[in-house]
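Below you'll find a set of structures to go through.
Two complexes, one shared chain (chain A), two partners (chain B, chain C).
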Partner chain A sequence: MTDTAAARTAPDRAAVHAWLQAYGVYVGVAVLLLFNIAFTDHFLSAENFRTQAVQVAPILIVALGMALAIGSEGIDLSVGSVMALSTSLVALYLGYGPWIALLAAVLGGVAVGMVNGSLIAFVGVQPIVATLALMVGGRGLALVLLPQLKDVRDPGMRALGSGDVLGVPYPVLIAVALVAVVAFTVRRTTFGRQLLAIGDSRPAARLAGLPVRRVLVYVYIASGALAAVAGFLATARLQASDPTSLGTLMELSAITAVVVGGTPLSGGRVRIGGTVAGAVLIQLLTATLVKHDLPPSWTQMAQAVVIVAAVYAARERGKR
Partner chain B sequence: MNPLARRLTATTALLTALALTTACAKSEDDAAGKSSGSQGGGQVAAEPTKGAKTCTIGRYGGKKLDLEKATVGFSQSEKEANPFRIAETASLKAEAKKRGVKLLSANAQSQFSKQISDVQDLISKGADLLVIAPLNSDGWEPVLKQAAAKKIPIVTVDRKINAKACDDYVSFIGSDFVEQGRRAADQMIKATGGKGKVAILLGTPGNNVTTERTEGFRDRVKQKAPGLKVVFKQTGEFAREKGQQVTEQLIQSKPDIDGIYAENDEMGLGAVNALKSAGKKAGDVKIVTVDGTRNAVQGVTDKWIHGVIESNPRFGPLAFSTLDDFTSGKKVAQTIVIKDRVYTRANAERDLSKAY
Partner chain C sequence: MAEHVLSTRSLTKRFPGVLALDRVDFGVRAGEVHALIGENGAGKSTLIKVLTGVYAPDGGEVLRDGGPATFGTPLAAQQAGISTIYQEVNLVPLMSVARNLFLGREPRGRFGLIDFDRMHRESERILSEYGVRTDVRRPLGELGVGAQQMVALARAVWVDAKVVVMDEPTSSLEPREVETLFGVIRRLRDRGVAVVYVSHRLDELYAVCDAVTVLRDGRTVHTGPLQGLERLRLVSMMLGREIGEVRAEGTTKFGGDHEAASAEPVLRVDGLSVQHQLHDVSFAVRPGEVVGLGGLLGSGRTETAKSVAGALAPSAGRVTVAGARVRTGSPGAAIRAGISLLPEDRKTEGIVPGLSVRENIALAVLPRLSRAGLVSEARIDSLVGTFMERLRIKASSPHQKAGELSGGNQQKVLLARWLAAEPRVLLLDEPTRGIDVGAKAEVQKLVDELAADGLGVLLISSDLEELIEGSDRVVVLRDGAVVGELTGDEVTEDRLMEAIAAAAEEEPHLADAAPGDVRKAAAHD
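And now, the complex of A and B:
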C-alpha cells in the first residue's frame, strides 16, 4: 500500500528505491565477489569459501533472531551478551558433555529472551531500553558465572568446531538449517503472520484479537535462543570460553545485516534471504579490507557507509 | 492469577534457576592446575641507568613511617578477567599478607571515572600509601591534589601517569613496552633467519601498549634484518577470537607467510588455532608473542609458538620494597623498569611454573 501511494507521485524513483531496498544487498555481494576474484590473491579456493562461511555463521544465526525482533517493530540489543552468557554456561556444564552444555546455553538464552519479552509485552518498556538493560546485565552475569577465559578440552566440542560433513563445516550446516526453520516460520506459520501483523500495526493487531503479548514474548525468546546457539558454536570454534570479549558489538553486526538485507526498521516485514545476504556482505567487506591489509579503522567506516547506503535506499518507505 | 503475574512468576522462577546454575554445574577439570600462578617469579628491577633520577621523602614531603603499621590502598584498573590482571592483584595481595601490611583494594572495572572515585575513597578510608594501576595516563589532577594535600606517597604500576615524578607521585614501576617489541623482533629474526614475510597482530587501536610494542618491533626489524618484510598489520584487539579470525584471513590470502608477531599471548593462541585448523604443522609459521601466560608458554613447549617475551605482572614484591625504602628515608628511582624474561624452547619446560 505504501508502495502504490508513493508510486502515484514519483513512479520511477519509488520503484528504484523499492528495488534497491529489496535487492541492493545482492548487488553489493556480487560486486564484492567480483572485486575479490579479480584483485585478491587466492580468493577462488574452496578453503577460502570455507573460512568465510565458518566466520559468517554466528553473525547469521544472531541476525535471524534480530530479523524477527525488527520485524515485530522491536530490536534486541542483548544478543552479544547472550552469546557471552552462553559461553559461560557451556564452560560450566561441559563436564556433562557438549549436548547438555548446549541445552544449558539455550535455556540461558531463553531465560534472557523471556525477561526481554515480558518487559516489552507486559510491562510496556520500549524494546531498545529493555534489551539495553539485558545487554549490560547479561554480560555481567556471564562474568559472574565465569570470571576468566577457560579452555575447552572436550573432544566432542572440539570436533563440532573444526569438523565437517562432506566438506561443509558443522557451524555452517547448523546455520543453514536454522535459516530454513526461521524462513518457514515467518512465511508459513500462523505465528509468522501474527508477528508481521503486530510489526505492521500493534493497535490493529490487538483490535483484530491477535495474542500480541504472547507473540512478542516468543519473538524475544527465539532471538535469545538463536544468540545462545551462536555463542555455543563460537565457543566450539575458539575452543575456549571467553565471556569478556565473545559477542562484543555483535548486536551492531546483526542489525546491519538485517537492515542492509532490506528488512525495514519500521516492522511488518522480514526478509530472510536478504538477511543472509546482508550477513555475507558484512563478512566479505571485513575479509576484503583485512586481506588487502587496509587500516582496521577503515572496516568500521566502511560498515558505516554500507548502513547509510541501506538506510538511504529505504528512506522512501520511511516517509509514508 | 492474571497473565501479568503469571508471566512474572515464570520469569522469576527461570531467573532463580539461572542464578542457581552453579549449584549443579559440572565443568571440565583443569588439567594444568593453577598452583603457582601468583607466587612464582616476582619481578626484578633492571639495572638502573647511570644518572637516573631518584626521589626521597625529604624532597616529596611527608613523614617517615613504618610500612608494617601503615595502610596501603591499591586501585586496580580492569576487572580481574585476564591472566595479567589476576596475577597483578594476587601478587600485591600476597606481598601485603607476607609483610603483614593492611591492604585496601578497589577495582575500577575499566571505567576511569570509577577509578578516580575509587582512589578518593581509598584516601578517605585512611590509606597512608597508594599503589595505582592506572587505566589512563591523563586526568589524574583531582586525585593528585587530594593526595598531595595529605602528603600520601603514590607508586604507579604497569602504566605511567602524565604528571611530575617525585612531585605528584613518587615513582613508576613497569615494563618497557618498546623494548618488549624489540626483543620480539630479535626472536622473530632468529626464527626466520632474518628474511621472509611476517604479519603483525596488533592490539587494541589507540592503546599505548599497542603503539609501543609495534614501534619497537618495526624499528628493530628495519635496523637488523632488512630482508624481513612486514606484509600484514591487522588488529586482533588483544582477544583470542579476533586473532583467530584475522589469521584465518591471512593464511588464505598469503599462504607463504613465514612468521606472525602477536602483540599479546591471547591473539597468538588464536593464531595457533587458525593454523591448526588450516592443516599447518607446528613450526611451519613462526609465532612470537608477548605476555608470558601459562597457555602461551605451554605453546612453546608444544613447538607451536617460537618464543614468548614476558610482561611480568607480579608487581607485589617490587612495589612494596620501593614503598618500604621510600618511607624509611632511602632514595628510590623515579622510573623503575622491570626485567622481563623470554621463554624459548631452551627454557620453556623448566620455567613453565613461572608463567602466570
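And now, the complex of A and C:
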C-alpha cells in the first residue's frame, strides 16, 4: 500500500495532540526542572523545594475546586474573593483559637458556594455571571468584616503556616491530603460520576434522573470550602490578614492550572493529576523567571504563552 | 450518459482503528437524484463529509465535472457549487428567517446598508415556493424543524448550487412536508441540479430517486439505476444477507399480538395537560401490552412521553404506576416509580458522549450500585457485561466512549441503561429512527420480548409500518389531544391514516405554528 504513510498522518496528528493535551503539562514540568537544575544556582536544595512547595499549596488547593467546577461545565470566579473572606474571618475568630478560625473560614466558603450553586442550579444564572457577582460581592464583604490589614500573631497559626512533619511543611501535607480526597471523590463516588455526566451532557443527565441541581450546588460548595482552606493557609504563612490583596487574580491562576493540566473547559472530564502538575508548572515558571532576575511582568506573559499552548492542544483534539 | 458533475475515484478515508472508506467510486450526474444508502457505519456520512470538504481523504480523489477537485474546506466545496443539508439544520437559529436565507448575500440598498424591505419581500416569495408561509422577520429557531429544513433547502438552491447533498432530510418531517420536499427535489432535478439523497426509508428512495449507490463496510457494493431494482434485493445488498433470508424474516421484527392481559393497567395517565402543548390526554397501558401513539409531527406524542417521564412539567393531570401516584415534573421520581423514557433526541438527551459505554449504561442506576456514595466497580462490571451481551452492543470494549459508537449501538446502550433501571413501563420515542436495518430489527425484537416479559410499552414511531406491526392498540393524537383509539383488527395503516385525516378535517388546523403553515401550503398544491 503506497498511501499508507499519507493515510496515517492525520490520525497520528490527532493522537499527538491528544497526548499533548493529557501529558504535555508533565513534559513542561520536567523541562523546567531540568533547566533549573542546570542553570539556576542553589535550585537543588531542600530549602528551595520547601519554599516552592509551600508557595504552590494554596494555588493547588484552589485549583482542585476549580477543576470540579470546570468539570461540571461551569467555572468559579469567586475563589480569590473567598480567600479574602476567609482571611477576614480568620482574623475575627482567631481569638477562639486557630481551629475555630478555620471552621469559621470554611463555613464562609461554604456559604459563598451555596449562593453560587443555588444561583446556577435553581435560578439558572450562567456560572460565569453568578460567580462574577460573588467575586465582587465576596471581597466587599471581606472588607466590611475587616477594613484594614491586621497582623495575625498566634503561635498555633504560625505552627500551621511554617511547621512541618519530617521536613514536609503542614500546608503541603494538607494540600496532598486534599488532592487525594478530591481524586477519590471524582473517581470512586456516585457524586463524581454524576458530576462528569452533568458536565458532558446536562439534558441527558437530567433525563437519566440524576440529581443535577444538588450535584451542582455541592460542586460550588466544594470549590468555596477549598478556597477558604487556601485562604486560611495563606494567612498562616503571611502571619497577616489582608483582605484587600489576598487572592487577587487567584481565579486566573487556578483556571490556568486546570486547563494546562488537560481538563477541557467544555466539561465532562476532570484531571486531578494534570491539575497538580499545572499548578506546579505555574509555580516553577514564576520561580525560574524570578531567579533569573526577570521582572514579574514576564511571568504573566510566560503564563499567557502556556495557556495558549494548552488551549491549542485542546482545540486540535476537539476537532476530530 | 452525461458526465458526472461530482464523483470520487478510489476514495479512501481512515480513522484510528477503522477504514471508513475503502476505495469508493461514486458519481452523480446533472439532473439526477442519486440515493446513497447503507447501514450505519457503512461510510455514508464519511463519504458526504469528504465530498463537501469537511474531511480530507487519505487516498483517491474527488472530481468536479471530471477534473480533480478535492475540497480543503466546506467553503471551498460551497464555492464549487456543492450545498449540503444536514440532518441537524445548520443555520443561525437566533437570526431571522430572511437573514438566514440571505446570509452573506444580503441585498444592499443606499450607503451599502442591507435593504431589509427587499430582503423580506424576496424571502417571502422564495419560501412560498417551498410551502413555507411564515413571518420571515421571526428568528429561524422559532420555526418547526420541517420549516427550518425548507429554509436550509431554499438557501442551498438560492445560492445556485449545482449539487445538493441531503443527509436524511425527512427524518423530522411529517408526511405532507415530505411531499412538499419531494416536489422541490423534482423541480431541482428538472433544472439540472444533481441531488445526492441519503435516507433509511426505502419508500422515499423509490418515490424520488433515479439511481442508487449501496455502501457496505466502507465499500461500494452496487451502483446503478434504481428503477427495476427489487426492494428486497436492495435490502439484501445493504445487509449483506441473502434474499430468501430477508423475505422469510419480513421487514420488521415484530411478532404477533401480545396477549394483552385483562390485568389492571400498569400505567394510567389522566387528564395530562401542558400549557399550549397537551390538552387533557388520558390513556392506560396494561402489563404486557404495546400501546402505540399515533399522530403527525407536532401532535403531542413526544410531549406526552416527556411529561409522563417527568422531563416536562404538566400544568394539570395525573400519572399513576400500578395504582400509585407519581410526582410529575421530576425524571428522578418517574424513574423510581418504574417509568423509563428512551428519548427521541438520542444525541443530546440520551447519550453522554464523553463517558464510556460502561458509565452510560450504569448512569441511571448509580445510587443502586453504590454503598454510602461509593461506587461498586464489580457490580457495575457485572451489570454492564450482562446487558452488552444481551443487547449485543458492538464496542471495542466497555471503556470505549459512547460518542464513538454508531447510532444503532448508541440506541442499544440507552436501552441497556433503561432496562438496568428495571422499569415497569417503557416509553420508546422513535426507538429505531436513524439506526441501521440490522439494529432496527434487533430493537424491534427486543420490544416484543420485553412486552412478553410483562412490561408495559408505549411506542412512538413515525414509521407507520413499525407502529402498526409493533402495537396492540394505537392511541391517536392531534394538536395535543387524544382524537381516537384503534384496537384489535382496526390497527392497520389505512385505519390509522383515516383516523388522523378524519380528525384533521373535522376542525381545521388554525394554530400559528410553522409546521401547520407548511401543511396548509402543501394542501394548496
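Just so it is clear, the second predicted complex is superposed on the first by the 307 of 320 C-alpha atoms of A that agree within 3 Å, B and C clash if a C-alpha of one lies under 4 Å from a C-alpha of the other, contacts with A are read in each partner's own complex, and residues count from 1 in each chain.
What we mean here is this: a contact is a pair of C-beta atoms (placed from the backbone, for glycine too) under 8 Å apart; a residue touches a chain by one contact, two chains touch by 3 or more.
Predicted model only: the values in this text are computed from it and were never measured.
With chain A as the common reference for superposition, the partners chain B and chain C occupy compatible, non-clashing space.
When the two structures are aligned on the shared chain, A:Leu210 is found in touch with chain C, with no touch to chain B.
The partner of chain A that touches more of its residues, comparing chain B with chain C, is B.
Once chain A of one complex is fitted onto chain A of the other, the partner contacts of A:Ala197 are limited to chain C, with no touch recorded for chain B. By the touch criterion defined above, A:Asp164 lies against neither chain B nor chain C after alignment on the C-alpha atoms of chain A.
Touch criterion met: A:Asp293 reaches chain B, while chain C stays clear of it. Rounded in steps of 10, the angle chain B-chain A-chain C defined by Cα centres in the superposition reads 130°.
Once the two complexes are overlaid on the shared chain, A:Thr189 sits against chain C while remaining clear of chain B. In the superposition on chain A, A:Ala15 makes contact with chain C only, while chain B stays out of contact range. Nearest C-alpha atoms belonging to chain B and chain C sit 11 Å apart in the superposition, given in whole angstrom.
On chain A, the surface touched by chain B in one complex and the surface touched by chain C in the other have no residue in common. Interface residues of chain A, counted against chain B in their complex, comprise 40-43, 45, 47-48, 51, 54-55, 89, 91-96, 104, 107-108, 110-111, 114-115, 118, 122, 141, 143, 145, 147-154, 162, 213, 217, 234, 237-240, 242-246, 287, 290-291, 293, 296-297.
Remark: chain A residues 3, 6-8, 10-11, 14-15, 188-194, 196-197, 200-201, 203-211, 268-269 touch chain C in the complex. Of all residues in chain B, only 3-4, 7-8, 10-11, 14-15, 17-18, 21-22, 25-31, 79-83, 86, 202, 205, 231-235, 237, 239-242, 244-246, 248-250, 252-255, 266, 270, 273, 276-278, 295 touch chain A in the complex they form. The residues of chain C lying in touch with chain A in their complex are 12, 14-16, 56, 58-59, 309-311, 331-332, 334-336, 341, 343, 348-355, 359, 362-364, 366-367, 370, 373-375, 417, 421.
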